[in-house]
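Next come two complexes built around chain A: one with chain B, the other with chain C.
Here is the complex of A and B:
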């Protein structure tokens, strides 16, 4: 509203913005900030508070202590859990990139808009189907008498059904499927922004397709690749539904430990476990942001 | 020229990429297709190929009243959460795009940070907080939590649309005497309607799919649909869930068709990306 007055009357005078303008953004942001204070910051503060309490003989003791931290961080059982979580997230990220990059490439290079739209819809539409449904679908697919084993047996690749479900393998396959749209999208968007003349210049100067890909396309789409890795890694760290449905109680990643501790009213352990998970996600974001800067030369 | 496209590639690479893409498509569709197939199975256990076909799981589903009320609750919750988030999220996005503020980067990072937070941490933290202030089990607690979860998506998508908006239009409207709210509703909103629509649909499904954040907040017997399904799966694995999932897939399919119909004149939101690029290079 201030703009209108300024441009209407005195165009040449440098715009002095009246004080009122400073309140406008605050007013617009206020509902969001209040909501985030109430349902985000305050809960996190409570969470932090609980991490300093302790749980003894089935009862919560509200005393300030580092005991829970100490117990959690020295317990080999929780170490294994942390290692499993990291291993799972890393495997899922690797697989997502391996499948996501070529898919994004194909989506980018398809020349018929109709076909491109359909492939795009197929890649992105699983987002609209509940994670519970998709995880359930994988338990059916990977079951001992399921289609995957049926194909493997039929082709004679294996002699007896492979155990793919209710272990880490099933969880990793399913999570890769669930995060695939989130991996394809950032890669695809860097490809779309790529200036086509760069590749043509490389080709004109005599570079083969492989050299062009390796020296032009890949380096320029590296930021997308890093962004995709960041998304799938952080999402995989916090994955809860899929490990509980496909893990069959055997894949005890950190989110499941947090859930269990909360159900067992051992809230200090839930809080410490959750904070460890939070720190891991935070470190991952920072590291990937660094990589992103590095990849955007 | 951008016409060095798939069919101009030498056959082998073209073939390999096509095969890989088809495998990828199969990988993407498989878990959803098998759920649909399994819902028509005649036996309670998972076996492939199916031993017979029947509609008994749909009959069983029809008798599970808990799923109906849960579905209704989920839809109402998702609609309310999306509505509130659209209003306050658009306000926030407008503030972020239109005004230069001190610490804008920090505020932006803060507004989007709930996405990075592992959902289970958020769910448990909110649960502990609401127990502490004794509002756990209130509908408002559940609703506000869902608003928080969908808000970052709305802010991100609406901001992206506002960045590409031609602000001289707004100034023109104001010069001609339109008030700020009229200008927003009649000049700005129509221009960003598609993005707002996409954001709304996306937010609806994000809320509709919440498990971790809702698990502890919903009162027993008043669960949302994904929670009801999640708990059902912990106990049984019969194809009733497959029948219900098929209904949900159908629902998502209808929304998908409607969405692609609404965007039939546009290609993928590629245009948006290219525009941002042009802007960045200016």
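Here is the complex of A and C:
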């Protein structure tokens, strides 16, 4: 009956399916869009505007000039800062992968669920403690009279205390520790998703442990490795608390430059520094995404 | 006769679960041997012990006469075709097939030639540069087969390799597997839960149940002369009916099935008292008039089920508590018996197998 009525009515009108837009996803996105607009896009626009202002003799002039951009491009002081930031991020990323991959591998290969749970918790634990507390902890550990130097001296590896803190070394050590969970878990998750019969197939075809790892396990967990690198690199670019505490004022990476500029109300430098940082992060994301696409099957 | 695989009293437990319980069998060189049984019967574990992925707790396993207890999987003269084929997803068909020769340091020129031969054997030469994700299930199955056979193993192990294919392709691949096995002359050990598959391809079948081997024999052996109630029930379709054995002698067993009494040839370890008889569906004859058979009884047709090639009748016999199923080949004409009809059914004594109860 109902069908008959429905077809009857469509005879009168041209045959067209009722246009039904689904507004639900848009509605669900609204809070995010509002938040992003207010806390990210609007400040970004303001920053862009500030970046063209002029800062002279401790005073801000509302002009339109490329002066600050020029300084960033030509001043060796800013070049050093950018290079330091990149160097720090790259070292932290390299170290994180070097420590994170074997750790993820170990976590994956342990076939005792209890031990696996505890190891997972230990790797995860840095996230549970505030960055400030952790960084201060590292200053104590890495101090000249600290336990690390004590062990190195005691074992006779070094003759005099090594400077591990208030320089880039300390910052890199601490950041690597902080980012460890962010590198281990992406790698671990690709390992867990790996079909165990693939490794068996490799062994069945005559591959020993190393060949199996090199030709099957590593290539198939590469996407996790790239994702881990992307996360730790971009996080390291923007790291502020650790460099400021463990750098002891000597490590002037870009986020610290931006912070310093804002406290001097040197808005143009802060703005350009921020934008340079954003550009670097953006390029990093693009490059890593390219790598990711390449590493996936 | 030479044997490529010999298992002697092999036992394997996982925790307190006995997966394989002291099994022994020998596989003649160049034969197609199937391990058949329901899931969880230990057949896959047996195969994985042969390939070296699992270590037996006790017992001796020999391949081509050599003890394998200290030989790791990558040094055994076996290759495996995995359940879901386990092709390397990041490699092309060529790279997948060439994997085995490359780990064994076969020179590049010879490697290429052997890959060509292996792909020709499975009829896949046009697909060398494809990735596994660009292949159909049947093609992946062929790649897996080529990847294993290229190493010229003494024994090829197949772990339900056709399980993920659709029915039509499966029966096609069964014939193909048998052809390839004959062509290369390699010993095949084939694990399956599909009795039809095992019947079609095997020279010998070991029927496994509950971590043990119930029977080893040719397909017709295990079909016509099942050694146990389990085998009779698992292979083909049969009527299992509780009976009383009233007399045992070396020539005859007297059997009483409800009101029906008849004699059957002696079999196995049956003693007087409760027992189970098996008579296959197609061995139960059905007619309108009285049948001239060793055991006959009147019955009423309950249901007629058309299966395409046959019609299956569910019958309620007079004076017997259990239902009996009879299967009659479909001749193209209408079903000869309709539900509610009164008929005569019967079977010959030779068609009956007796098993101890329980």
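Annotations
The rule is short, and it goes like this: the second predicted complex is superposed on the first by the 276 of 297 C-alpha atoms of A that agree within 3 Å, B and C clash if a C-alpha of one lies under 4 Å from a C-alpha of the other, contacts with A are read in each partner's own complex, and residues count from 1 in each chain.
Basically, contacts are C-beta pairs under 8 Å (C-beta built on N, C-alpha and C of every residue); 3 or more make two chains touch, one makes a residue touch a chain.
This one's a predicted model, so the numbers in the text were calculated from it and none came from an experiment.
Overlaying the two complexes via chain A leaves chain B and chain C side by side, clear of any clash. After overlaying the two complexes on the shared chain, residue contacts for A:99 are found with chain B alone; chain C is out of touch. When chain A is checked against chain B and against chain C, the one touching more of its residues turns out to be B. Of the two partner chains, chain B is the only one that A:270 touches; chain C does not reach it. Residue contacts after overlaying the shared chain place A:204 against chain C, while chain B stays out of touching range. Remark: in the superposition on chain A the angle formed at chain A by the CA centres of chain B and chain C amounts to 80 degrees, rounded in steps of 10. In the superposed model, A:216 makes contact with chain C only, not with chain B.
In the superposition on chain A, contact of A:260 is made with neither chain B nor chain C. No C-alpha atom of chain B lies closer than 7 Å to any C-alpha atom of chain C in the overlay. In the superposition on chain A, chain A positions 200, 203 are in contact with chain B in one complex as well as with chain C in the other.
Contacts from chain B toward chain A in the complex involve residues 1-7, 9-10, 13, 17-18, 20-21, 24-25, 27-32, 34-35, 38, 45-49, 87-89, 91-92, 94-96, 98-99, 101, 107, 110-111, 113-114, 116-122, 124-130, 132, 144-145, 147-148, 151, 155, 170-171, 174-175, 180, 202, 205, 208-209, 211-212, 215-216, 225-226, 229-230, 233-234, 237, 241-242, 245, 248-249, 252-253, 255-256, 260, 267-268, 270, 273-274, 277. On the chain C side of its complex with chain A, the touching residues are 51, 53, 72-75, 78-80, 82-84, 86-90, 99-100, 103-104, 131, 133, 147-148, 151.
Chain A makes touch with chain C in their complex at residues 195, 197-198, 200-208, 211, 215-216, 219-220, 297. Against chain B, in their complex, chain A makes its touches with residues 1, 3-4, 7-8, 21, 24-26, 28-29, 31-32, 35-36, 38-40, 42-47, 50, 99, 102-103, 105-106, 109-111, 113, 116-117, 119-123, 125-134, 136-141, 143, 145-147, 149-150, 174, 177, 180, 189, 192-193, 196, 199-200, 203, 209, 234, 237-238, 240-241, 244-245, 255, 258-259, 262, 267, 270-271, 274-275, 277-278, 281-282, 285.
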